[in-house]
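Structures for review follow.
Two complexes come next, and they have one chain in common, subunit A, joined by subunit B in the first and subunit C in the second.
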Partner chain A sequence: MNRWSRKAALATSMVASAVLVASCGAGGRSESSSSDGAAAENVPGVTDTSVKIGAHFPLTGVAAPGYSEIPSGAKAYFDYVNSKGGIHGRKIEYIVKDDGYVPTNTTQAVNELVQKEQVFAIVGGLGTPTHSAVVDFLNSEKVPDLFVSSGSIKWGDKPSERPMTFGWQPDYEIEGKIIGKYIKEKMPNAKIGLYLQDDDLGADGAKGLKQFVGDQVVKEVKYTPGNTDVAPQIAALQASKADLVVGFNVPSYTALSQLTALKLNYKPKWFYTNVGSDPKLVGSLLAKFSKGAVKDGNSALDGIMTTEYIPGVDSADDPWVKLWTKVWDEQGKDGELTNYRVYGMSQAYAFVSALQASGKNLTREGIVKAIEDGGAKWKGPNKLPFRYSKDSHLGISGVEVVEIKKGIGEPLQDPMVTDLGDAEIKPDSGTAEQAPNESGLPDDIKGAE
Partner chain B sequence: MQQLITTLLNGLTMGMVYAAFALALVLIWRSTRIVNFAQAPMAMVTTYIAMVLIEGGLNYWLAFILALLSGFVLGAFVERVIVRPVEGKSDINAVILTLGLFIVLHALAALVFGSDYKSFPAPFGVRGITVGGHSLAITPFGIFTIVAVIVVMLLLLLLFQKTDVGLQMRASAFNPEVARLLGVKVSSMLTLGWALAALVGSLSGLLIAGGNLVHPGYMDSVVVFGFVAAVLGGLDSPLGAVVGGLIMGIALSLVSGYLGSGLVSLAALLILVAVLLVKPGGLFSHASERKV
Partner chain C sequence: MRKALDTVRGNVLLKHSLIALLAAALVLLVMESVSPFRQGQLAMMAYYAIAAGGLTVLTGLSGQLSLGHGAFMAIGAYTTALLLQEREGALPMIVIILIAALVATVVGAIVGVAAARLHGPYIAGATLALAVAVPGIALHFSSVFGGEQGLNVKVPEVPRLADDALYFLTGTETSTSEWVAYSAWFLLIIVYFLLANLSASRIGRRWRAVRDDEVAASLAGIDLGRDRVVAFVVSAACAGVAGALLALASRLAAPGSFSLVLSLTLLSAVVLGGLGSLLGALLGSGLLALLPNLATSIGSSMGLSDVKAAELSPLVIGLTTMLVILLAPAGVVGSVRQLLAGRGPRATTAAAGTPGAGADTPTVAEPRG
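Up next is the complex of A and B:
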């Protein structure tokens, strides 16, 4: 009885808000065709003094460690921007909903953000399975779906199908390609075992890698997220005599693979995707087991290879990290600055750049066009430029191969850029070495009034 | 060959954990004719208690024993306070109640302990044992797991077959009214059954956690595999539960290693269906004598 009435209430409110949204949408269309002066009154989430955006993150659940810190970093940077007066006079209001990394929850969270909260855009929604549940809804509602926190290629490879969606981090396929080329050049005799998460992360990564070293792969195993017993998988790798294991997996499974390898006395060289290699997080999981078997915290992953695409907290001298430290000191809440918070801030910086580039008259179509037109040339903490254009909504164009020493990634070669498919891999020509502005805000391209 | 041995040894240790869990299910079934689905989160809660105690600086084994005792108390509490009101009514009421309890305990644990992955320390170190230059994929803790479950099974067998309390427990489960007429305190026996079961369930939780990562949902797959193991053994026989657990552990480890980890849950359900089709009473059942 109770549940019925609740369901009925929910249905009624959803119909009501759908009607509301429809009428707002209609208003917006007629407005944008008629005038250019008055600041977009009918754009959802936008007023003269504020812009409201939303995001979905796993704040609880098995994917929460690490990932739940990302929005706190983004929030700190938005607050920092607000303390400087906002962008074009608008302060950023940032609403984060918890989806627990469960796609059905994501659907509900994003529905609430779009229909109840009336956000202007979704920024940084995290996860391949979770975001896949809402990407079509956002595109059909014409809500900008910016800078998805996932490296799946589907956020940007076909902008005609998903015109409102943009990726942000390097996709798994180009990361796989750059790792593959590095192995082919530097370790041509390695026998490669692949340790893959059984979804886009593993599939896209392996696809890119095999373009270069398909003939060196001796074994490929997949684990199912949620099942923490990976001994059968690691045993299969050990039996194949693989001496270099490349993992496209999440951090907890990096810890599990290291633990299991200890148990099986298996000692290959390890190479993990940047997604799964945060030395602090994995180190803290492994440290508890120490008793001499695993070294303490930060050095637990020593000698392991991985990739980077933004400077992390360990590069204290980097001008961007100095900016993030300042932002976190001024606006941060509990806890210290971590790589996940740096990720959130770097992503927030990209959104603020997009707001800046959209000019005073902010519309949903306008911000998409601004990213397509100028995004590839934006200055930012990313070591390599974005690939944004009319034909591609993919994010950062490459990675840098590093080896972890005492918890810090030391570059093994110059940062490389490439693109999907057969695109050539080449060293980047000088987008790095950019420092942030004194103010800590992106350049004002169109000029604030 | 190495891979086969590793996979089998891994299956053996996992199987023993399933066996302990199946034993817990069998115990409650024997004393109350209820399948307790809340067994998994109950074990998870006691594992977290052990972890908090160990992180607080308590001796590992002391924390281990305290966690088992808290499992005993939790089991008695659940029977007295939560299950008691629906006892004697349709069996399905109690089963649905345990499912509800499953969800409640999950949510509570996430609130109290957080839902991150946490590492649960192992008492013996986490390296595999080396024998004559060959490393075996079994840790000292794995051996402890095997020994602990066998000892518990033998103790339970002794309790049920050789002691008065065991006889009274069996009598109360088999026919409460006649047992009461004969002077057995049936309600105390039911409470004892739940408490013992929760203790054994806690043991399985602690054994799977040792040297591994835990989070509030880490026992969820064990409840499925342990249930299949219990049905495999006939739901009534402690020996059957252990054999069923071993079969499940080894079969699933082989499936995961040679066919793919995505097929593990499917394989478990196929085994369940096959057992129910071929020998509905389970491999160790003597159900025919009970059907009156």
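Up next is the complex of A and C:
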């Protein structure tokens, strides 16, 4: 009895002291948070001379080749803008965090950007699974989540649910629609085999395509990213006698499908989504996967059809590509200008346009409103205009169907614009793509006030 | 006072309770003094540590090497995500975490029965297959588990009672992410408390006996299979809790989060800290949760480009692991203990009461088979 009471006394005193230590400066709940009101005037990440933004990209890991170049392109363009004095006197400070394409890491990276670095906005965060991890957090924290680097429709189809998030590249569904209509018109007798990545990319693309050529599809195969054996899928396509294979897949699976088809002596016509068709990357992957049996080079993809929505490095005469070349020569670090860097610069250009349009008085709500109000009319490298409005935060409104010849995409028809669902597909000969200004900045966009 | 200290030292349960209470107070102090971002990192450290704690009991005490603990975390995370699709009418967080642990326990029992028949590298192989297969299941049944994009988790609001209690103690409002971090650390303390008691109990002694000599253990009347399965189940339950917390902290359950790398990371946390020691598991988890970010920040502040700075963190982790294994093969805690034991006058009997003291000898790192 005595021993127990001594133990109890000891335990109680330890607990009491622990609680005492922990409760320093605490007490009842008294509402005295009125000072917060004044502090709310300060917009996170914004001063009179700077604006701090962040992004998450796979800089390491399996998804890093190619994708890790995007932020270096964006940074070069921001540095170029800064060298011209910035926008409304503010220089752009761009912080990139690595997530290795692992969603849990994306959460950490974005927490760091928002909570520690106190960025004004997230610009160009890459990947559907990765960005899905943070999109609700960004919206609940009211952080502008601009120009996600992914073609999923969920970044823009319901602005009421995700008011701070904006898509950028054409979504997979409209790309599928435009490809479907092209096939319907130009190849009405083709027997179509679908080669799909088993996620939004494959599902949305197939959905759009089938609106037009659902009756022409003879076989549909899916692969799971990570499994590099696609022989069963390609063999199934071959057995179905499909003579046109449409792929909604990523670059490494373009290379794998080409290689497997070579082995099986299967020679259909190929049509790949823009996402999976960068000739340079696919060419180098082909050489790597075949251990040199297929020569590195552009000729491997000759005759393959795909789509484009911004001019790439192969169109050296395009005024935008000339601007990007100049920017990369002035501000670029290691390496040469690639299509991924062009992608980053084009996206950066859209953000700089949004900054310009927001005016001198930059706020988080203000930039969202500026994009909704004016974004659809901005000039830019995109061949087709953005769809931004109060009702849609979806990005570029269409694509151009091209055929790859010696690594260069030759247009097969005018660029087409459309929207989700039943929206009509109509030609649009480059209302967005006009030559850039002399300065290389979107300084003709009228700012608010 | 000396008498009181002796009482504490003599009574394992009392000692562990006091350590747990002090740890809880320390958690309150630390959590309130750091930024929201650091709280997120601490939450990450806590769920790593819970899983690593379970793993260190399994591998260090019962001698079964699991390369598949990421799979049990995935099971916990997906259970949590499926139960938290709607914020309205969701179960309380603690109930959900317990359900997640229960599901992981059931799967752990099934796997454990299979694993108990296997030895050393064969267990490793079987659990490795599990680590590869479970994310594959999530991809295959994409209509239920959301495929590659996974399932978003609607983290429940802070319960009123907890909010008020924390306000009373700390004088600040508690955000949901802060609440998750608190929950993770309090659960960590509870889990470690239970594990420490378990390993100091009869079951823990049996595990060590089985690990050190199977023949001798069975001659002494120990049911090898049953004890191995129990160890596996305990360990899987810890991983389930950790997975649930991972889902809550990252607001997502997606297959990409549960790659083989996660399972190996847990194992390296255990090895870094010192196999069989809970303190070691905590330390190792801390290193793995905080070091990559630290390395990248140092890299950026030294003027490296973003890509170069990002590439620094796997390098630093790799080098650290190699250095620890070369210079301190028993892990950080194990090596420190060896040093102390070498100096002190035959301290082995005193150390026997502490959790995972059996890991003092580095030989346990080698599974028998």
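Note that in this section the second predicted complex is superposed on the first by the 389 of 449 C-alpha atoms of A that agree within 3 Å, B and C clash if a C-alpha of one lies under 4 Å from a C-alpha of the other, contacts with A are read in each partner's own complex, and residues count from 1 in each chain.
Definition applied: a contact is a pair of C-beta atoms (placed from the backbone, for glycine too) under 8 Å apart; a residue touches a chain by one contact, two chains touch by 3 or more.
Keep in mind it's a predicted model, so treat the numbers as computed, not measured.
Partner contacting the larger number of subunit A residues, of subunit B and subunit C: C.
In the overlay built on the shared chain, the residue A:D198 is in contact with subunit B and with subunit C. By the touch criterion defined above, A:L264 reaches subunit B but does not reach subunit C. Of the two partner chains, neither subunit B nor subunit C is touched by A:P319.
In the overlay built on the shared chain, the residue A:T224 is in contact with subunit B and with subunit C.
Shared-chain residue A:Q233: touches subunit B; no touch with subunit C. Contact with subunit C, but none with subunit B, is seen for A:K116 once the two complexes are overlaid on the shared chain.
Applying the stated contact rule after C-alpha superposition, one finds that A:T60 touches each of subunit B and subunit C.
Once both structures are placed on chain A, subunit A residues 60, 198, 224 are touched by subunit B and, in the other complex, by subunit C. For subunit B in complex with subunit A, the residues that touch the partner chain are 2-3, 6-7, 10, 14, 110, 115-122, 125-128, 130, 135, 137-139, 211-213, 215, 217-218, 221, 253-254, 256-258, 260-262, 264.
Across the complex, subunit C is touched by residues 3, 6-7, 10-11, 14-15, 18-19, 21-23, 25-29, 59-60, 68, 71-72, 75, 95-98, 101-104, 107-108, 111-112, 115-116, 128-130, 132-134, 136-137, 198-200, 224-225, 333-334 of subunit A. The touching residues of subunit C, when paired with subunit A in their complex, are 3-4, 7-8, 11, 14, 17-18, 21-22, 24-25, 28-29, 35-37, 40-41, 44, 136, 139-140, 142, 147-150, 152, 164, 167-171, 177, 246, 249-252, 254, 256-257, 259, 293, 296, 305-307, 310-311, 313-314.
The part of subunit A that touches subunit B in the complex is made up of residues 60-62, 64-65, 198, 222-224, 226-233, 235-236, 238-239, 252, 255-256, 259, 262-265, 285-289, 291-294.
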